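What follows is one structure encoded as structure tokens, with my remarks underneath.
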Amino acid sequence: MSGLAIHQLNKAYGPVNALSNISLSVANGQFVCLLGPSGCGKSTLLRIIAGLEATTSGKVLLDGKDITEVPAHLRDFGMVFQSLALFPHLTVGENIAYPLRIRGASKEVQDREVQRLLDLVHLPGVADRAITQLSGGQRQRIAIARALALKPKLFLLDEPMSALDAKLREAMQVEVKRLQQELGITTFLVTHDQREAMTTADLVVVMSGGVIQQIAPPVEIYRSPANAFVADFIGVANLIEGDAKAGGRVVVPGGQVLIDGVAAGGKVNFSVRPEDLTLQSAAGDSTVAGTVAFIRHLGSSLEVNVSVPGLAKDLIVVMSPREHLPFDLGDTVNVHVPGSACVVLR
Amino acid sequence: MNTSRPQNLTGYVPLILPAVVLVMFFVVPFGSMILISFYKNLGGGLYEEILNLDNYRRLISPFFVGLLIASFGLALAVAAISIVIAFPFSYLLVNSPRSTQVVWLIFMLSILSLSESIIGFAWSTILSRTAGVSNLLVFLGLLDRPASYAPGLGALIAGVVYTAIPYAVLVLYPILSRVDPHIEEAARTLGTSPLRTFFIVVLPMQRNTIVTTFLMILVFTLGTYLMPQILGRPQHWTLSVAISDQALMQSNIPFAAALAVFLVIVTLLIVGTVVLFGRKENAS
Amino acid sequence: MDKTQSGFSRINRRQVLAGISALGVAPLVTGFPNIVRAQGKKLRIGVYGGYFKDTFDAEVFPEFTATTGIAVESVAEPTGEAWLIQLQQAEKAGKSPVDISMMAQVGVIRGMNSGLWAPLDSKKMPNTSNVKQNLVRSNAAGEVMAVAATSWYITLVSNTEVFPEAPTSWKDMWDPKYKNTLGLLANVGNSYLLEIVAKVYFGGLNYLDTDEGIRACVAKVGELKPNVRLWYRDEAQFEQALKSGEIPMGQYYHDVTGLAILDGFPVRSTMPIEGGLLDYGSWAITKSAAPSLDLAHVYIDYMSQPAIQAKLARKLGSAPVVDRSLLDLTDEEFNAVSSDIEPITPHYEMQAMKTDFINQVWAEMQQG
């Protein structure tokens, strides 16, 4: 099969398991984000794909060929590091031309390619500058250009944008995504920033504790988190526990929620996004009663925290800022929880 | 860091102590050495305060110029060998586990705490016919009978290199340990094997560091005068040995001062040339 | 003159000393007629630091104080010319760090020429008539400037295991069969090889009176180079190599070699048929110490007694500066430290007056 596949991969450092039973299959041309909190093993997985770390067990296959034992310098993957790792003693042009030079490309070819790649990253004419003369964002582009110089089969990015400020980071995310679409290159991006993942990825791999939690397109990850960890890690989620009764009625602290298809008997956990909730004065057949604990206007949205006795955390409700809010702090309100928006977690 | 100049005179107050110390312990002794180098020797440590060029006329002779050349030859060889050993060593050290690093650094520091004469005697024993390594080689069947390697040029270089390497490592280690480890990984993902990475990335990247360390060992070796006496033959006695002889044995302080000034000037010229050359290279 | 710099020999000699002390030695001096009883007076005496000072502190000074009532404060002198320089600096300031110093001959001559020393009165030191008169140094006006304190030999030494047959003559050092086996003192001013060559090959020390003669002698020493393994500056380095047989032959101090023999090392010291090289140290007093001159006279007189010289021979291993006939040393004791063969003596005037020249010619020969 074509693409990158990982089979039952394990990685241990002494007694510590960094990665457990990782299996993953990615078709060519996809943009994959490895997403998770720090220490979840996402960088280790990327470094194993790059060949910079050995596996403890399991296989890495590229287009059906086992590359587990192929050393990094023979894999011909392009990688961008968090520190960028540009060669400080070389100029911009020499950095970009490095992989071509060591393979014996002629000076003309090198110059032409440097030109092409600098155009590609929208930084023409800086080939003769020293690395230290560039800004952080510019260095980022140079690191990307260098990684792409070989027209690699895989493009690997290890949190390269985490050091940039928020605005520049967003711009770079868009640019990286465009570049990837333009080149149609299979890309792996490691990040702990879910916005970055949502912006760029065709496929998000959510990881935690060295284990894959969910593999799905971004919208599906958001709308249908596989478990409480994913729901909580991606965006803001209200996690509620209740008792399932007949007819899809779930009794929760402060009221009840109607969720189709929930079998009666036992506890049920579900998550619901803040933007799916609405506030109303009267109780309904799928509402939870509480008091307004906190209100904040975020410009693009209005966020209300509703404290519900019996729930560990406030319910968070997000609405349009243009909506009139007929409640004040301390008022008793009913939060409408539409059953169709609830995702039942296992 | 604040690099602006002090706004008023009181801003310079913190500089007074270091300035005074620098003048008292460096400028004054060095200045008086230059002055004495122009005095006339009376023997027995006495000199007449008559300025003349006789000392310098005497040292511009084939003998002392030959000594100078020999001294620099030795220093260059020692500096080159020390770098060839110390750089890969420091590189491997930086990339080894923390506990290994600590053990080696403590070992290096303990070598520094040894006196030069003890190291010299140890090497002369190690390289002797009666108790030295050649006996081991005989035992292993690599040699027919024990041989003596000291005193001699090889023994001298071994001894000085041994004392110079800890300095080189202690200069190189902190610099190498600050280098981003991802740079080598980047080189590997770009198609360079680990060994090749060392030669075409790590070494060129540290060119300035290597030159600086080289110069430091060069100057360090130029000043050594005990090792050549213990491990070298007379033709290996350096200009520094001649200076100590003039000062301590012949009590000819003015001539010793003139030799020292001569050595300092030539050293400064060489260091200056290298630094200038390096700067031009960087600029181009 | 690095007589006292040898760390190893110092230890060895101390061990021997302890052994001898254990036997108990009866006081040698019972009466001392012509001294002024000088209770409460103190004399500051400079002697070479290390073994010399230790031996003097243990064996000489307490008895001197008991006999004369003069307290002694011994001061460790550095070897080489550093001490002369210190004395000269102090003299300019009109102060002296000591009242009386043990000086090497080049230092005595330099000090004499610069008017450093106070003249001594032989009449106040009757015992100095015992001292060999060529070891009493006077200035041009005939005033006594310094009196010999103790002397030592440099001889031919060899390792008995490597060379079962002892060399007999200084000339043996030039024998091609000793290729790459010799350890020689590195400096012209402490090896005295020019004097040895002048005596052995050119008929006597006079040969060194001219620059041509000096050059000829240096050239003759130069012929030794194929045989020289080590030109040593540190005595310990050669002594160790001699004991192990690493460098099985050379020139070395007779007294220290004697101690190595007592310690069981396979070495020997041979008094060459042309005579050993005899060097000596002298007592001299700077002018600024003149207030202590009377006490110094008492001290030099005391030290010049044959009995004290015999004691130094037994304790310090030094060669007496008085004639053998005046000593109660047995043949064995005498031969252990000295010899009846006329010694070769250093050409001190040349060493002191032509320092730069002989060192330059020497260095060019040695390092060329």
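Going in written order, the chains are labelled A, B and C, and every chain counts its residues from 1.
The working rule: contacts are C-beta pairs under 8 Å (C-beta built on N, C-alpha and C of every residue); 3 or more make two chains touch, one makes a residue touch a chain.
Keep in mind that what you see is a predicted model, and the values were worked out from it rather than measured.
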| field | Chain whose mean Cα position lies farthest from subunit A | value | C
| Geometric centre: closest chain by C-alpha means | B
| note | Chain-centre distance (mean CA atoms) for subunit B and subunit C, in whole Å, is 38
| subunit A to subunit B: how many Å between their CA centres? | 55
| Gap in Å, rounded to a whole number, between the CA centres of subunit C and subunit A | 89
| request: Write out the stretch or stretches of subunit B touching subunit A in their complex. | output: 180, 182-183, 185-194, 196, 200-201, 204-205, 207
| Of subunit A, residues touching subunit B in the complex | 50-52, 71-79, 81-89, 98-99, 102-103, 146-147, 149-150, 156
| Where on subunit C is subunit B touching in the complex? | 80-82, 84-85, 88, 107, 110-111, 114, 186-187, 189, 229-231, 233-234, 236-237, 240-241, 244-246, 352, 355-356, 359-360, 363-364, 366-368
| subunit C-touching residues of subunit B, taken from the complex the two chains share | 41, 43-46, 63, 67, 117, 121, 124, 128-131, 148, 151, 229-230, 233-235, 237, 242, 245, 248-252, 255
